[in-house]
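By letter and in written order, the chains are A, B, C, D, E and F; residue numbering begins at 1 in each of them.
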Amino acid sequence: MTVQIRVILAVCYIILAPIIIGLLDGCDRKISARMQGRKGPSVLQPFYDLKKLFEKEFLSANKMQLFMIRSYLCFIILAGILFFAGFDLLLVVFALSTSAMFLILASTATHSPFSSQGTHRELVQIMACEPMELLVPVGFYLATIPKTFNVSNIVRNSDYSNVIFLPGFFVGFVFILTIKFRKSPFDISTSHHAHQEVVKGVTAEMVGKEYGMVTLAEWYENAILYGIVALFFLNSNPLSIVGAIVAILCVWFLEILIDNTSARVKWQLMLKLAWGVTIIAAGMNLFLLEIIRG
Amino acid sequence: MGQFLPFTKQVLKNLFSKPATTQYPFVPKEYPERTRGHVDIDSDKCILCGMCMRSCPPGAITVDRAGKKWSINRFDCIQCGYCVEKCPKKCLSITPGYQEPGPEKFRYEVEVPYEPPKPAAKPQAPAAVEK
Amino acid sequence: METLVTALICFPFLWAIFPALIHNSKCRAFFVYLGCGIVMVSSVFIAIRWFLAGGETLNFRLPHQELFGHIFLVGDVFLMCFITYLAFKYKRPIISFLTITSTVIPSALEFVGPKLPNTYTMRFDWLTFIMVLIIGVIGSLIGVYAVGYMHGYHIHHHKELTDRRSFFLAMIFVFFGAMFGLVFSANLLSLYFFWEITSVTSFLLIGYTRTDEAINNSFKALWMNLLGGCGLAVAITVGYLWFNTANLFEFIRIAKLSPDDMRCLLPIAMLAFAALTKSAQFPFSGWLLGAMVAPTPSSALLHSATMVKAGVYLLIRLTTAMADNYVGNMVALIGGFTFLVASCLAISVSDGKKVLAYSTISNLGLIVACTGCGYAETIWAAVFLVIFHAVSKSMLFQCVGAIENTIGSRDVEDMQGLMSIFPKLAFILMIGIAGMFLAPFGMLISKWAALKAFIDTKSVYVSSLMVLFICFGSATTMFYWTKWMSKILGPATREKSRDLTKKNEYISMFFHATLMVALILGFPWLSQNVLKPLSRNMFGAVEQVISQENIIIMIVLLVGVFVIPAFNYIMTKNSKYRPVLTYMGGANAGDNMSFVSATGEAKEMHVANFYMEEIMGEKKLFTPAIIISAFLIIVYMIIVIGGAF
Amino acid sequence: MGNRSIVPYGPQHPVLPEPIHLDLVLEDEKVLAAIPSIGFIHRGLESLTSKKDFNEMVYVAERICGICSFMHGMGYCMAIEDIMGVEVPRRADYLRTIWAEMSRLHSHLLWLGLLADGFGFESLFMHSWRLRETILDMFEESTGGRVIFSVNTIGGVLKDMPNEMLKEFVKKLDAMEKEIRETTSIFLNDYTVKSRLVDVGIITGEDAIRRGAVGPMMRASGINVDMRKNGYAAYNDIDFEVITSNKCDSYARCEVRIGELFQSIDIIRQCVAKIPDTEINTKVTGMPNGESFIRVEQPRGEAFYHVRANGTKFLDRFRVRTPTFANIPALTQTLQGCQYGDVPLLVLTIDPCISCTER
Amino acid sequence: MQEIKKDLYLIDKAELLQVIMEKKNALWRLCQICCCYPKAENHYEVTYSFANGYDFANYRLIAERDEEVPSISRVYKSAIYYENEMHELWGLNVENIKVDLHDKLYRIDVETPFMEKEEAKDGE
Amino acid sequence: MSSIHKSPWLLHYDGSSCNGCDIEVLACTTPVYDVERFGVINTGNPMHADIFLITGGINSQNESVVKQIYDQMPQPKVVIAVGTCACTGGIFKECYNIKGGADTVIPVDIYVPGCAARPESIIDGVVKGVALFKEKAASLKAE
C-alpha cells in the first residue's frame, strides 16, 4: 500500500466515521423507538445532540477531566487511523486499550459515587472484552497466508472471506460488540437509554463538551469495531465490500434487536458470559485453526 | 425461543406496525365528555354567595361580593369539582380543556352581573345547601 | 577480563564486612554508598569494555580455579551446616533433609565421582552482559535507597524492632556477589554454590524482623528454594554419571543434539525445575508473597533485580534446549498459567506491596512462558521483559516503600489523590505503572512479540493455551493497574503533609525513572544492538523480530502517549469552567467529599476499588492454582523421568 | 474503611421515580449495609384535618398518592361512613370495587414497567406502560380524570358508570388480557430477566411477618393474607382466590403481582355481571363522632386508616399507614448482602410509593 | 385491659410489654402505631395495632403530656419508624428507641407540628 | 444557530408531589405520548439535562436537593413546574412542611397547571420551555 492511499484512507476515516456512525445511531434510535411502539426522534437526532453538547456551558468538578477526555478522543482517532490505513491489527487493539485507560482516568478524576462505580464496571467490561479483542488479531494472523497482523495484508492476501476460517471468532466478536456498544443486556457501566443504577456511570460527571467528546470518541471507536466486522468479510475481491456492508448492517440490526429484547444483567454474569463465549467459540476455533494451519 | 429473547416476536411486530404515538401537538386531542379540564362559570347565574370560595380545598377561587367579581387561579385549582358540587345555583361546571401552561401564573376573572336582592332574602338560599 | 570478573564477584563479598562491622550510622552509610558506587561503576565499566570489544562470547577459567573450587565446596558444606542448625533450632526437619541431600550428593561426587574434563567454568556473553548491568545498576541503586529507607523504617515506623541494619546492609552486598557469580558461572558446581547463597541470604533477609510471621515466611522461602537446589543437585549428579560434564552449556548442547532422548532432557528438566522455584512460579509462588514481610528494599531486591532474576536467567540460558519439547512445554504452560492466575490474584488484594508481588509473579510468568517456547522472538521478548521489569519493579517497590513511610500505609485505597498531595512520588509511581501495561511501553512490545511467537509454537494445544493465557492475562493485568492508577490520579481526600522521603531515596527513584524513559525511547536501539546479537548468539541467524513498520507505529504511539496528553494539557489549562459539586443525587453536604446521610449528618464518602474477592480472591484461587500447577509439573516430570529410565 | 465504599444513593436518582435516600456500604458491589432515609416527600397532610373539614379531606386523602388515589379516597370515606353509620348503596360498592380493581391493574402495569426500567429492559417498560394507557383512558372516560378521579364521596360515589360503559370496558379488558399475558410471560420466562429476579432479595414468611410486611411482599413469601377477603365494598359477593407464592424472592413478588392482574380482570368481570341498579350515593348529614379503623387492600398491600372524630367538622386525627411504610423494614433486610445493581430493583420490588409513605 | 370498642383495648404502661411479647410469640404482625392528641382530652393516645391473618387487635395507651412511653422497637423492629415519628411530630417521649434518629426522620423545619397547632388554639 | 431546542434533555425530580404528576411525566416518555419525538431524553443526571421538570411543592428536606440539582445543570436551562403543587403548592400549601410552589426555591420558567397535570399539558409546557432556549442561548452567548 502506498503512503498516499494510506493517507487518503485515514482522512476518509476521520471525516466519514462520525457521519456514518452518527447516522447509524440515528436510525438505531428510530428503529428502537419503533420496536417499542413509539414514533421516535428524527434520524439526525444524534447530530443535534452532539451539537448541543458542544454549545452548553462547561461545568466541571475537576479540570483534569477535560484533558483526559481529549486524550481519550485523540487516542481513539489514532487507533482508528492505524486501523483504516492498514497497519498492524494487534497494535490497534493495544492502542484502543490505552485509550480506554484515559476514559477511566477521566471518570475517576472526580469524587463521585456514580462515576466511580461506573468506572469499575467499565473496567470489568474492558476485562470482559479484552481477551476477545486480542484473539481477533490472532485469528486473522492464523487465517491468512502468509501469516500477518497487518490489516492491509489481511485483506489483500485472502482469497476468501476470513469468516470461513473464523466463525467462532466472529461469533465471539459479535458477542462482545454488545458490551462495546453499551447495549442491553450489557449496558452496565453507562447506558444511552434505560436508566441505570449508576446513573450515567462513567459519563456521569461529564458535562457539555466533555460529554460531546466522549460521544464522538465512541463513534470513532464504533467505526473501528464495525471495521473489524468488515474485515471478517473483506478479501482480495473488491466485490466483498458489498458483503462487508451487508454484514455490518446485519450485525447492527442484531445489536438493536438484542438491545430491545433483554434486561441488563449484572456484571458477574456478563464477565462469565463474555469469557465463556470467548473461550468456547474463539478458543475452539483457535484450536481447530491451529490444527489446520499447524 | 423459550428463555432466550422471547420478546423478539413482540418487538418485531411493533417494528412493522403503526406506532401507538399520538400526533398530539399537531393534531388536537379529543377528550371524553367527563374529562375534568377546567372550571367554568355561568356568570349570569352566580349569586356571589362565596360557597365555592369556602369549599375549594386549595383556595383557588375568590369571590369579591363588593367588586362583583368571581375569579379563579387556574394554576391553583386541582380540578376536584367540589366547588361544582357545592355551588347552590349550579352555575359552575367542570369541562374538558385544560389551562394552557405559561410563564406566568394569573387569575381568571369574571364580572358577575348579579344584583343582590334585599337583605332579607339572604339567609335561606345557602341554608338549604349547608345541611 | 578474567581478573576483572573475579574482582567483581569477590569485591561485594569482601565489602560486606564494612557495613557488618560499622555501627555508626553515618559512617556506615558512607561505606554503603561507596560500596554501591564501586559496584555500579565497575559493573558498568566491565560491561562496556566487553561491549566495545565487540561483544564476543568469552569462556574462561577463574584465576586460581582450584582454590575457588575448594572454597565453593567448603562454602556449600558450611551453608549446609548452617541451615541444618537453624532447621533443628526451629524444628523443621524437612529443611535439613533437603539441604543435606542436595549438598552431600554433589560434594561426594566431586570427591569420588569421575574426574571431569577441565573446561571453562565461566562465560561472558550477551545475556551475562545484560544481567551484570541489571545487577550492578539496579542493585546498587537499591543499596543506596536502602540506607535512607531503613533509617526511616527504624526511626519512624518500627521502633519496636531491634535495629539490625548492619546485618541487613551487609547481606545486600553478599547478594550482589552471589548474583554476579551466578550469572558468570558456566560450571554447575559454582552455579550451585552461588544459587545456595542467594537462597540463604534471601532467607535471612525475609526473616529480618524476627517476628513469627517473618520466621515462618523465611522458612517457607528456604524450603522452596532448597527444593529447587535439589533439582540442581540432581542435574549435577546426572551430569557426573551419564555425560561426564558439569558444564551448563554442555548440557544444553547435548539436549539440542538429541531432542527426543529423555536422558538428555532430564538434566534440562531438573535445571528448569530449579529455575521455576527460584522465579516463584506456581506452585512455588508462596515464598515470594511471604517475602513481603521484609522491609521494602529487600523485597525490591529480591523481586526485581536478583533472586527471581536468577531463575529466569537460567531459563533463558536453557531456552534453546527447550524448544518444542516436553520441558519447554512444561515451562511454557507453567509460565502462562502463572501469568494469568497471578494477575487475577493481584486484582483481589489492596496492599500495594502485595499487588506488586503478584504482578511480579505474573510478569515472571510471562518471561518464563517466553523462555519455554524457545524461539528467537520469545527470547527477544523475554530479555526485553527482564530489563523492563527489573527497572520498573524496582522503582515501584521503592516508591511504595517511600509512600508507606510518608503516609503511613501502603494500601492502595489510602493512596487516593496522591497526585495532588505528593506529586513527586505519585509521578514516579505513574511512570512505573504505565511501564507495566500501557501501550507502547516495554511490556506491551514484549507482549506483542510473545503473542506472535506463541501462535507459531508447534505444539497445537500448548500454542492455543498459551494464546488464551496471554489474552486473558492481559485483560486482568490491565484491570489492576488501571484501578491503581485511577486511585492515584483521583481527587485527594487527605490533607497535604510533609514528604518524609529521604533525598537518597529520591535520587535512586529518579534515576530509575530516567532509566525507564531512556529505555522506552531507546528500545529500537536496544533491539538492534543488544537483543539482536543476543539471539543471533543463541539461535544463529535471526530475522527481524519486529518489523520496521511496527517500530515506526510504536514510536508514533510512544510519542502519542507523551505528546497528546501534554498538548491537551496545555490546550485545556486555561479553558473556562464553572466549578460545581460532583453529582451525588443531590445529597452533597456542601462539598465533594461528604454527603447528607440517613441520620441527617454529613458523612464522609469513600469510594473503593473493586477487588472481586468472590471471584478472584486468594481464598478462591490460590489453592486450586497450586494444585493444578503442581499436577502439571508432576505429570511432565514423570514423562521426562520415566522416559529417561 | 479500606476496601469498603461508603456512598449515598438518591434522593435524586433516575431509577427511582421518587426521592428516597440510602446510605450504602459496599464491598465491590456487594451491599454490606443499607440505611434508608425518608422524608423527602413528607408534606404533613395528616395535619390538614385542622384546616379542612371532613368533607374536603376526601380530596386531600385522594392526593396522598397519585397511584392508588382512588383507594385512599375510598378508605377514608369508608372510615367516615363507619363512624357515622352510613349504609352505602350497593351499586356504589360495586362501582368502588370496579374502580379499585382497575386501579390495581394500572398500578401493577405501572410497576411492571418501572421494574423493567429498573433492570434496563427499556422496550418492556414501554410496552407495559402502553398497555396501561388503555386503563387510563377508561378512567378518563368514566371519571374524567386520568390519575385522580374525585369520584368518592362520603356516602357513595359521585359518578355512575352506565351499564353499557361497563360492558364496553369488559370487552376492552378481554382484549387486553391477551396482551397482558404475552407481556407478563416475558417477565416470568426471559433468561436475562430471571437472572435479575430469581433468588434476589429473599425474605422468608416469618421474617415478613416479624418486619410487618404487607401485600404482595408478604404473599410472595407464602403468607395468605389479602384484606379484600375481609369483604369490604362488594368483595363479599365476589369469588376469588388469594394469590401467593412460596419462592420468597423478587421473582415471586413479580409472579404474585402478575397473578393479581388477571385476578383483577376477573373480579371486574364478576362485578359487571352482578352489579345491581340502585342509587349511587346516600345523603349524609350530621357530624362524625367516634373512631374507626379501616383496612383496605391496595395494589401495594394493606393500607390502614384510623379516623378519630370529635363531633365537629374538623377531625381529631386522620391516620394513614400505607403499605410502603410497612414494607420498608422488610426492604432494609432484603438489601442486606445484595448487589449494588439490585438495589433499585429491590426498592422497586416492594413497589414503593414514597409519597404515601411520608404523607 | 379494658375493651373500649370492638378490637380496641385500653391498656396501661405496665401491661404494654406483656401484650407485645404475647403478640410477638403468637407471630402477630405489627400493623401500625398511631399517636393522637385529642383536643378535648389533653393527653396522648398511642394506639398499637396488630394483625394475624384476618384477626385484628388494637391496644391503646394513654400518656400525659410529659410522660415517657416505653419503646417496643426492640421487640418489633418496624416500630422504629413509628416511634421516631411520634417523637418528631408530636413530641411524645419514647424511651430507648433502638435506632433513635433524634428528630431527623422527616427533617422538618417546625418543631412537633401536630402539637404546636394545639397550643396556638389554646392561646386563642 | 444553537440546536438546544432540538435536543432538550430533561431531568425530572419529585419535590414532594403526590406521585400523580410524576407518573404523568413518565407517561409522556412512553409510546402514546413519546416526547422523544422532540428529541427529549429523560436523563437522570442534572449535568446532562437542559430542562428541569419539577413536581410537587418542595418540602424543607428537598429544598437543598432541588437547589443543588438546579445548580448542577449547565446553562442554558429551563425549569418547568409541573402540576398545581409545583405551581402554587396546591392542596398541600397549608401543610407545615410545604414551601408552596417550586418558585419559592428556584426560578421557574414555565408553569404547567393541573392536578394531575395531563400529559398533553406537559408536552405543551415542554414545547413552550424549548422555545425559550433560543433567547436563553443567545443571551448566554452575549455574556
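In this section, contacts are C-beta pairs under 8 Å (C-beta built on N, C-alpha and C of every residue); 3 or more make two chains touch, one makes a residue touch a chain.
Predicted model only: the values in this text are computed from it and were never measured.
Any chain touching subunit A that also touches subunit E appears here: C, D, F. Among the remaining chains, those touching subunit B and also subunit D are A, F.
Of all chains, the one whose mean C-alpha position sits at the greatest distance from that of subunit D is C. No other two chains have as many C-beta pairs in contact as A-C.
Rounded to a whole number, the gap between the C-alpha centres of subunit C and subunit D is 64 angstrom.
Subunit D has its Cα centroid 43 Å from the Cα centroid of subunit A.
Between the CA-based centres of subunit C and subunit E the separation comes to 69 Å, rounded to the whole angstrom. The centroid of the Cα atoms in subunit D and the matching centroid in subunit F are 26 Å apart.
Taken residue by residue, subunit C touches two or more other chains at 578, 580-581, 583-587, 596, 599-600, 605, 607, 609-610, whereas all remaining positions touch fewer. For subunit E, residues that reach two or more other chains under the stated contact definition are 106-108, 113.
Shared interface positions of subunit F, defined as residues touching 2 or more other chains, are 13, 30-32, 34, 37, 42-47, 59, 61, 65, 69, 72, 74, 90-91, 96-97, 115, 118-119. Contact annotation for chain pairs lists A-B, A-C, A-D, A-F, B-D, B-F, C-D, C-E, C-F, D-E, D-F, E-F, with touch applied as defined.
In the complex of the two chains, the subunit F residues touching subunit C come out as 13, 45-47, 64-66, 68-69, 71-72, 74. Taken together, the subunit C residues at the contact with subunit D in this complex read 350, 411, 413, 584-587, 595-600, 603-614. Subunit B contributes residues 19-22, 24-25, 29, 57-59, 73-80, 98-105 to its touches with subunit F in the complex. Taken in their complex, subunit A has these residues touching subunit D: 32, 35-38, 113, 117, 120, 184-185, 187-188, 191, 193-199, 260-269.
Contacts from subunit D toward subunit A in the complex involve residues 5, 7-9, 13-15, 28-29, 116-127, 130, 190, 192-193, 195-196, 339-344.
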